[in-house]
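Both complexes below contain chain A, partnered by chain B and then by chain C.
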Partner chain A sequence: MMEKNKKVIIVPCSGIGKPYGTVSREAAYDVTEDLRPRQTQLVPLALLVLGDEESRAVVAENQAITIDGCKLACAAKMVQQSGGTIAQEFAVLDFYRTHKDLKPQGIAELNEGGQKLAHALAEEVTAVVDGLLSANEGGENA
Partner chain B sequence: MPELPKKKVGIVSCSGEELAEGTITRLAALKVLEQLRPADTVTICLPLFLAGGEGDRAFAKFYPTIAIDGCDKRCAARGTEMYSGNPAASIVVTELVEQRGLGKPEGKRRLNEAGQQAVEVTAGKVAELVDGLLHKNWNRTAGAEEETTVPEEQEPVQATCSCGSGIPVQEVEINGQLVTLIALPVIFQHFKEEGKTATLDMASELLNAVKIYNPVSLDEEKTYAETLLREFALFYENEGTTK
Partner chain C sequence: MTDFLETTVDKFTFKVATDRSYTSEGVWVKEDNGRFRIGLSDFVQQRSGDVAFADVKPEGKVLAAGDELAAIETIKVNITYSSPVNGKIVEVNPAMSDAPEAINQDPYGMGWLAVMEVADWEAQRAKLLDPQAYFKIMKGQAEEEAKKI
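Our next item is the complex of A and B:
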């Protein structure tokens, strides 16, 4: 169970070679900036790679949701290596398999399908965030 | 016939999600990879140095690598150095923005005009560094390499990453020490398929091929050449017995 005032950490992959990486980034922004800005915090993967103390501490003290673009699952692996607890792992590729009508294209700029896929994924991530927070006595959901 | 990997430049961006400058590194890297120098560049996701395998970690040893960082934490440069190899060059967007007197970039998801300008400037700088590392002299006014009679045009492509590429390596003993040589198995295979045998005059040719992917100091060249010839003979022998 999460303690009061703790945030849910969102860690997207930093994938640069496939549209799925961009979807993970966009979904993370949707959650942390639009849908649950006060209840979540985005942690950049690059800082975890570098072993940044502050980022490691944030990940270690809060539950994390990882969003990976490909099967290599860098975000999940890095959170684990940083001593974090993953509440839920999302894989864009798996999510796309259940939303075949939303084919993501473009890396620098997602097509409409990719943007919709990111928004849909963000909604699912938000539901998990809410679930984690509702288990937290006195947690706010919106 | 196996293809010898073409000498390319590796691009590693921090892609920091927390800052507009991180978005600039990502978009600048993509611009170089997709539009400016698609034939000369490859990329890998920074976390793969930890989350990936040995082939991923060999990236910066195999490719002279340019690290593009958004801020002075320099995650891409330092991460590459820690886990893969020293970057050949490094750019920090905040420094470049200050040097060029650009406006403050804003907007992690949608860059403002200053941010978009910073993408152009950063990408241009990276392309210059790529040319320098490949010993090319790109004339920006002419949009072509200097001292090249027929300018090599590069068709735009969609960037792909080199994750899980498994760059081939082989350990050999040189002066009593084990040295990991990048691309050696592919070089041997290529030489064999070209009908070349382990004769003395082949030593310098092998050395030159190996030097494309590995640093060899002048005073070690003779030892390397002898070792490579010996290893090539062994390779030939083993290949012969397995077929």
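Our next item is the complex of A and C:
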């Protein structure tokens, strides 16, 4: 159970130069900047890898949602190694399997399919965020 | 129990099962109670990346060696693989539609693609590579890939 005023931490893949990693980050930006900016916080995976104390503390004190670009699942592993609790793990590849028409391509800039996939993934992540907050606030959602 | 030939190139280790025949593109064939199981090598699955979708030709389809057997979409590439033999597909691995990541997880076992009926196996096997010959080719391919990194 989350304590009141805590945020849901979103940790996406840090894979640069790979479409599935880019989808994970675009989805994370969607959630943390547009869909639930007050209720969520993005923590860059690189900071956890580098052992940034502030990032590790934030992860350790809040529930996290990880979004991994590949099966190495670096985001999930680093959250666990940082002492965090993962409320839900998302994998872009698994999500893509359920949205075959939205093939992600492009690296610095996603194609239309990739952008739509990222947004659809963001909607699912947001639903999980809402569920966590709802559980915390006894059904009064943000 | 299957034995393997094994090599490490750069930081990657590749295995070649010694109980089957291969094409140079890394498709294997293994005799299994008079039928022939087909799959992809460990090197192929590692080079191609995580499999998103695997579309294997359906049961009943008659193929000649070199005909398209399967189209695989991974996080890196879309690639087709050819049938290594002349024959008829009699079974497609149901995991290919439900959980195609089996190709990555267990390329020589649960990640098989299809089972075929093959006539004149001995003549067809003569056109395939034995494990040692494929291992040598695969090692060269892996070293070429490593130079690109």
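Everything below uses one rule, namely that the second predicted complex is superposed on the first by the 136 of 142 C-alpha atoms of A that agree within 3 Å, B and C clash if a C-alpha of one lies under 4 Å from a C-alpha of the other, contacts with A are read in each partner's own complex, and residues count from 1 in each chain.
In this text, a contact is a pair of C-beta atoms (placed from the backbone, for glycine too) under 8 Å apart; a residue touches a chain by one contact, two chains touch by 3 or more.
Quick caveat, the model's predicted, so the values are computed rather than measured.
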- Query: Who contacts more of chain A, chain B or chain C?
  - Reply: B
- Task: Once the structures are superposed on A, label A:A28 by its partner contacts, choosing first (chain B), second (chain C), both or neither.
- Result: first
- Tell me which partner A:V49 touches in the superposition: chain B (first), chain C (second), both or neither. first
- Task: Check the residue A:D130 against both partner chains and state whether it touches chain B (first), chain C (second), both, or neither.
- Result: neither
- State whether A:Y20 touches chain B only (first), chain C only (second), both chains, or neither. second
- Kindly classify A:R97 by the partners it touches after superposition: chain B alone (first), chain C alone (second), both, or neither? second
- Message: I'd like to know which partner A:I107 touches here: chain B for first, chain C for second, both or neither.
- Response: first
- Task: Would you sort A:C70 into first (chain B), second (chain C), both or neither based on which partner it touches?
- Result: both
- Query: What is the shared patch of chain A, the residues that chain B and chain C both contact?
  - Reply: 18, 70
- Quick one: in the complex, what on chain A touches chain C? 18-20, 69-71, 93, 96-97, 100, 103
- Provide the residue numbers of chain C that touch chain A in the complex, in ascending order. 49-50, 52-53, 73, 75, 101, 104
- Message: Which stretch or stretches of chain A touch chain B in the complex?
- Response: 12-18, 21, 25-26, 28-29, 33, 42, 44-50, 52, 70, 72-75, 77-78, 81, 107-108
- What residues on chain B touch chain A, complex-wise? 13-18, 22, 26-27, 29-31, 34, 43-52, 73, 75-76, 78-79, 82-83, 108-109, 158-164
